[in-house]
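In the two complexes below, chain A is the common chain; its partner is chain B in one and chain C in the other.
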Partner chain A sequence: MNFQMADLQLLAPHIVVLATALLVLLAEAFCKGERKGYLAYLGIAGIVVAALLTPRLFGPQRLGFSGMLAGDGFAAFFYFILYAVGILTLLVSQNYLRDERFEHGEYYALVLLALVGMMLMAGATHLMVVFLALETMSIAIYALAGYFRTERSVEASLKYFILGGFASGFLLYGIALIYGACGTTQIYDVMAYFKALPALTSSPMALAGIGLLTVGFGFKVAAVPFHAWTPDVYQGAPTSVTAFMATGVKAAAFSAFLRVFVVAFQGTHVEWSGVLWVLALLTMTLGNLTAIAQTDVKRMLAYSSIAHAGYLLVGLVVGTPEASSAMMVYLLAYAFMNIGAFACVIMVGRYGQENTSLDAYAGIGFRFPALGLAMAVFMFSMAGIPPTAGFIGKFLIFKAAVHEGYYWLTILGVLNSAASVYYYLRVIITMYFKPSPDEPAVDGLRVGPSAALATVLAGVGVLYLGIIPGGIIKLAEQAVRFMG
Partner chain B sequence: MIPLEYSLTLSAVLFTLGVIGVLVRRNVIVLLMCVELMLNAVNLSFVALSDHLNSAEGLLYVFFVMTVAAAEASVGLAIVVSLVRARNTVYADEVDLLKG
Partner chain C sequence: MLQNYIPILILFLLAAGFGLGVVVISMFLGPRRPDPSKLSTYECGMEVEPGARQRFDVKYYLVFMAFLVFDVEVVFMYPWAVRFQKLGLFGFVEMLIFLLILLVGYVYIWRKGVLEWE
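And then the complex of A and B:
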């Protein structure tokens, strides 16, 4: 174990976000009533400072802290996805919390603490650091899910907590078995060990370890059959937290999933890709088919997030650098479109009445044209219709799958994507073509400057990635090259 | 000297008990204990493997896991307290507002 000052450079963004979280907690004590909304801007300022420190990491891989944390393009790209998630979440939350009479500084601090955990997951090159980062993120999110202390919010929190703890147990057991099989848990050492000892690929201990890690990560990314918690938790949690969970946790979990499986276990790709092939297909199909039957928009978006995890798993099954960079672009696109959609869901609700049933959306497209337009853009993007970000993401993933000869998985994926158009377009049809009832459930929008800004930013992100994705795709490809 | 297989088997048995507990029990506090049992079963594996591999790393991990388990328990109990306040129950199967 040796430690150099240069290592701190790799950790600088995390330290800044962590310090901001503590500062927010401190500032809360001096903030009276109405002014607590400013704490969100303090958090955003911290994330911006961290973002300014991040481009330095974009380059060839440097390992620090005895090989536990990487500063490379891969981590830096994910940091930027997470910054986008963090900033949009804080912007969306501010107005929502005030309206729900739950504006406290802890909320913003917990979001930032979860963000630190997510960033550590993206940078971790050591299985134990992956575990600790995952727990840092999860524990903050358990608290966030139960933040409203209403019956539904507490129920969501409880379900997420029990199943999250259950999943971490599997993940940790997997780490222990990999430690037993390889004698190390550093990701690049594990890779080298598998390369040096091909016999290890048939060792029951190593295979059981990989299997348990699959279960652990499967829970976190909400892959079928480990998805049972997702709809309940997403529906019950405060909507801003749902947006944060659906995008941030997914991005962080997939970053660690990618680095562990594509790098450390590349020698056993044949073994695990078969299992993940089945998981990917199940996840896409079940997510989409169940989403079709939903009448609650929040719950529908939960099932849609399961389906999106399925498309992302296709990229993991392929496991080439091309597929990894496609997943990164997809996760960025998903962050924009999903937070945008949840921002619209928040605006439709009002205090004590969330209005998340699809019927409440009847006719609001014409009564609130800006909201209708934004929701339509996000729904088109989720369905993968050009010229939106969602299309580019799906296109890149399926392109990578075809290049590696996964024709069946691609065909089934595209069919799934076509089926998903039904329930996304249903929202748009309800908004524009269903007459609004005489006494509409939605008589005004819950919108403030910050929420409007978040929606506009997310919309611009979706369209930018959809129309001129070249620069971002190139950046993702470079980032993967530095992953090692 | 206890053979490695014995400790690993014991750890696997304890882990399985934890998993079964989470799946079949209804009391939220017992569920919490079962999750802790799973983590501590893994700790046993870490200690046994660290001894077998002659590396101190595994022992260090145990401390990390214990810290995580403590943090999890504190948040978990806080969630249970707010559950009792909101619903006046500690039974998981009575917590069923969200369905569909």
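And then the complex of A and C:
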């Protein structure tokens, strides 16, 4: 083990976020009083400090800690997606938890710890670090999913925990087989080994390893047929946690998915892209078709997150630098629009009554114009209608697919996207064109300054990415060039 | 490639064969004169009272969780101690950071009253 002080620079953002998490935990233990909502701001302060330390990582690749962790543009770009997710989640949670009488510091500590795991996944250049980071993230998320201790919340947590543990086993077995085939688990060494030994691409052990890794990552990004947990977990977990899972976990899992498949396994692209082609199509189609049948907005958003995983998988199938940068822009856009949508879902509910059924939304567009506008923007973005971020993300991914000649996948993806417009617009139609019942289910919004700020930030993010995406796209393209 | 695993396979078969073999041989060769005290559950030679199926205080669960953390900590420290000279200052500082993180957890459960047993 050789270690240089310079390595610490690569780990500095993680250390800051971890220290903040520990501080929050100690503050929870030592500060008087039952209500600890203000700790959310301590968490945000920590993330901001980490964000200030990150830009200097944006540059050519540097490996540290014996090649286990990278400081490169790719990692830095994902760190920023995760910071956005973390800050928005903390802002959204703060007044949601107060209203639900669950204002404890542990929640914020767990969010920050999960964030550390996600950041390590984005920076990891070693399969064992990928696995450890995935577990760090997942264990915190399992606890968060059961945070409300209601029957549904605990059920969500247990389901996620048991299936997640099973999926981790697949991932670990896959890593073991790759180690058996290549004699290393360092991502760039695996790549070099596949290049030096072309015969390895037909070795059953290597292919089985790649297959098992596909299962492990597929579970975390909620790809069909490893998606069965998604609707129940997303619906049962506290809404703020659902927003965090749908955006943060997906971004982190796709970052590792990208680095492992596009870099380490680039020599076997022909082999795995065929499998992922089928998975991408199944994921898009099943997610969209099932979402159409939903009458509960939270569950509908869960299926829609499966569908979005499908679009992102299209980028992975293509596997070119262009597609990778498109996925990064898409994940950033998805973070803004999805957390924004869940923030609106939270506002519509009230203590003890989540109001997530579509009927509850009847007529609220005119009664609460600001909420109606925000929800409409997020739904348009999810559907991929310009000038929103969702359109840019889908456009870039499908453009990359067409450039590589994946015409059928593109056509089927665009058709899927068109079908998804139906259920996103249904929310808008219910909000604006259904008369509100005489005794409306929603008589007031639960909104505080922090939730309002989060919604505005998410809305601004969606529109900024939708109208002037040039700068971000250029950053993502540079970031991919540095991935190596 | 796969031939390298043959020794492991042989070891695996030998281990399984030995384990099974001993049980099977003692099944055939051993004399068998069961009586009630031989068939009862063995617990320090005492008669089992009042049976293991009873309620446990939920505090056992918390104490066990706390125990597990420190148990794993010690397991982690053994290989570290063996290589201590080689790892040098870096290894020492690393371990201090690891202990500090665990300490925060310990202080947390302490303040939360997990260690109080009334």
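Rule of thumb we're sticking to: the second predicted complex is superposed on the first by the 478 of 484 C-alpha atoms of A that agree within 3 Å, B and C clash if a C-alpha of one lies under 4 Å from a C-alpha of the other, contacts with A are read in each partner's own complex, and residues count from 1 in each chain.
Convention: a contact is a pair of C-beta atoms (placed from the backbone, for glycine too) under 8 Å apart; a residue touches a chain by one contact, two chains touch by 3 or more.
Please read all numbers here as calculations on a predicted model, not as lab measurements.
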item: Contacts of A:F30 with chain B and chain C, given as first, second, both or neither; value: second
item: Chain B versus chain C as contact partner of A:I411, first or second or both or neither; value: neither
item: First, second, both or neither for A:F161, with chain B first and chain C second; value: first
item: Most chain A residues touched (candidates chain B, chain C); value: B
item: Partner chain(s) touched by A:P231 [first = chain B, second = chain C, both, neither]; value: first
item: Touching partner for A:S203 - first (chain B), second (chain C), both, neither; value: second
item: First (chain B), second (chain C), both or neither touched by A:L22; value: second
item: Touching partner for A:A6 - first (chain B), second (chain C), both, neither; value: neither
item: Footprint of chain A on chain B - complex, ascending; value: 8, 15, 18-19, 22, 28, 31-32, 35, 38-39, 41-42, 45-46, 49, 52-53, 55, 57-58, 61, 64-65, 68, 71-72, 75-76, 78-80, 82-83, 85-87, 92, 95-100
item: Residues on chain C engaged by chain A in the complex (per definition of touch); value: 1-2, 87, 90-91, 101, 104-105, 107-108, 110-112
item: Residue ranges of chain A touching chain C (in the complex, touch as defined); value: 1, 3, 18, 22, 25-26, 28-30, 181, 203, 205
item: Residues of chain A defined as touching chain B within the complex; value: 128, 131-132, 135, 139, 142-143, 146, 149-152, 154-159, 161-162, 165-166, 168-170, 172-173, 175-177, 179-180, 183-185, 231-232, 235-236, 294, 296, 299
